[in-house]
């Protein structure tokens, strides 16, 4: 009997070309790990980051090679479409930036070069799997492959207590999130009998029943949203964010705030807009409430902080609330607005974090606001990018953040959720209070010459270069936004949205 | 529907019966209590069964134990494939090779990092 | 001539002065502002009052995915404001260039960018483009106040930005909603103001969108009770910047009502007419009373601005052609008066060891007759002395209000009287009386006279010939309020025939 069953098993057809970006990331991770074992400090400190960059460039090349593809691969487990390809580009770009930021990072020495960069690549592979997942099992595999390396990376600055604390905290809370998600996914499978997103959608529509009338499905969906909410740092599941962001090594914080967020929102979009799209009317109010809470909590929470990394952590919670608005409206316009804002958010947040990393190494004040005092007159080359990033995060015109908010507000009005658009506006206004505090500290110090005495600016041209490139891009896309529109156009259509 | 749980119930019952009978039979059929200290312990070799509160294992023990469990479980996956390899065909063979190679990479890593040396 | 050149010229000059050596930074900004002024005057001379519709239109796709255009154009509503802006910015930048500033490159850069943003806001003919320029205006003033301001500058400037941007962001939502909702019938998405005229939004929609815009404009002006940021910001802002901030930026908001709100949301405007009139009235009374009780010169004229803008809003929301014309004239008048007032305050403060308190000044007229004469003319214009252009403006405004809301007009008259009290009080206590404790009378310097005398001559010229801006305003002002008038009183046959004859050129 067993033999008979076995003969009927067929190997899934794999479109290796479409699968290649993920394969490249995983192979790269393995190779980097092995290179890290080679003897010689020089080898480790130069070849390992080099190999990481090569891997990322290869992935980028393969992603671009697959551009325009719209297929399901490996028995429908993964989707290669505009949504996943755009996000792949985002991940690779973030990965490259993180590598550059990490070059002089203590964590890479303490944790081992090979390990550090392998974990980074593994996490990126997890993100690529996650945003392409259209199957509950793949979804979970992706989210774990993303999370577990991150837990370790957070704690990679072994000799600093806060880093270890951050890693542990993230591990515990991340596991709670994963467990909740897994529990929810199993309920959904139980209710629909399918792990496929399209299968779930078909099961829901064929049974002619709504989510609300099916307690199993309702519980499952609720828990899945909560689980994803943990990963995406949506209030009220965001409490870990400030502590973890503050404790983790800054390049990792920057990576988490950008790439993890993009990945979590990528799968959020695909799951909501494919698997349960027919039931949108049921879950829209729930998500709208979450978005509203997130915007308010994130912005208010940031007000009282004095650590720049904590401010940026709360700000990223608030930005997550804005991103959620595009999911709430469950339309192609909403999806593209969220995707657009993700791309923009990545650019402006990386500009901010580059400056934070640079300042952390130049002063003994760490990431405290006082490390930025008087930066405008002392080091305008860092102060200007930081200012641009702050203004863009606040949504001031002539920056990319403004166009991003414009899209989200447009989508919210279009989807009959105009009040969420108003909330985005109010949230942005509140956010000015803390973004401008950073700007004011830099440009308008209380007393002239009151700045960190232990200033020891040393050459780190790569970080300054990053800050300048990212902030220049923020301005460029604020004035000429069409390249990003070209990038995200068709993403909604590619997953079957109107 | 509950009938599907029957095997599980049987399994639990068997466990209880076998375990319980060993404990009871030992009491009934075993020889009278020896005066040797070691034979009074639940296990007659290895670590002492009663340890002080502050006792600590060496960190190396944890490391080796964890690595053992990881590799042990991973190797378990090879059994079913070995049995049914012919039925699954070349695809499974390739997958297995990939799996083993990854296992090898992990092993090389563990070895080169010195995790196998008792320190 | 392309409006883009006029708009971006100051910013380009500002960017150059950012890179230039310290000593020439100010001069570069002055040259940029002067060139802009020359171009703006040429534009004004070449402007055709009789032609309906926009002139000198620039229309390019900016964000095609959202149908947002980079569309600029001038008509009777904005041509005078544009030229006034160019003139007053030039005056303020010139005045500032005669003084020492810490980090002058940055100072003049921000100043010049501010000019570009204001000019852009006046010329924008696309809702989103207008919002962009409107928000952008604020950023240079944030930095100018925060970096070069007096005591409590950081807190004041942050408060100002947050207050103003709450309004602006609500306006952004309202603007986006206008375009999106108008396109719901299947029309292509557009934000061009001309394209939205026929949108036909439902009354309910118009009402909340109206409130979004009104929030932005009323905070920016500011009118009572949304003026909370004003006293702090006015107290600390460097005076040349304060001059243009108070004189010109508030006008962008008033202009926004005539350009955008009333033509696009006539039902909303009609619905909230009485609310706005009451706010305007409250501002007139509150501003006048506060101006009378303050002793800081900046605040006296700050609150006076609140009252004056109350008059302008009163004129706009009379929703009659007369009122709108008067409001437009009054915008130009108030801008032309406010800038010299604040520049004179700077001179007065320099003559009383930096104090701006009228109790510590006095007796300047004897030693500084020219300065006193200039201040007198400006003060008389402020109180709308018959014969001044302000008198004509306020007269038109009250006439417009009388037609519909007689009671409000009568109460508003009291504001005119009160203006006389506070304007003369400020003049007398600084120029006459005994020589103040801190005062060191000195005549106005040649350089400063070079800035102030021409400005005062412009005030006089407007007093003699106020018809020039009025003529330009006539047609467009009537067109702007025609629909709202109809919404107010559908049975008003006169209005409806007027509407038909004026909307279809």
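As written, the chains take the letters A, B and C, and residue 1 is the first residue of each chain.
FYI, contacts are C-beta pairs under 8 Å (C-beta built on N, C-alpha and C of every residue); 3 or more make two chains touch, one makes a residue touch a chain.
This one's a predicted model, so the numbers in the text were calculated from it and none came from an experiment.
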| item | value |
| --- | --- |
| Closest chain to the centre of mass proxy, which here is the mean CA position | A |
| Remotest chain, chain C as reference, centres from CA atoms | B |
| Rounded Å distance between chain A and chain C, as computed from the means of their C-alpha atoms | 44 |
| Separation of mean Cα positions, chain C and chain B [Å, integer] | 82 |
| Mean-CA-position distance for chain B and chain A (Å) | 39 |
| Residues of chain C engaged with two or more neighbouring chains | none |
| Footprint of chain C on chain A - complex, ascending | 376-377, 391, 394-398, 402-403, 405-407, 409-410, 413-414, 418, 421-422, 424-426, 428-429, 432-433, 436-437, 440, 443-444, 446, 481-482, 485, 489 |
| Complex contacts: residues of chain B adjacent to chain A | 84, 87-92, 102, 105, 108-109, 112-113 |
| In the complex, chain C residues that touch chain A | 63-66, 103, 128, 131-133, 135-136, 139, 142-143, 146-147, 153-154, 157-158, 161-162, 165-166, 169-170, 172-173, 176-177, 179-181, 208, 212 |
| Residues on chain A engaged by chain B in the complex (per definition of touch) | 2-3, 6-7, 9, 11, 30, 33-34, 37 |
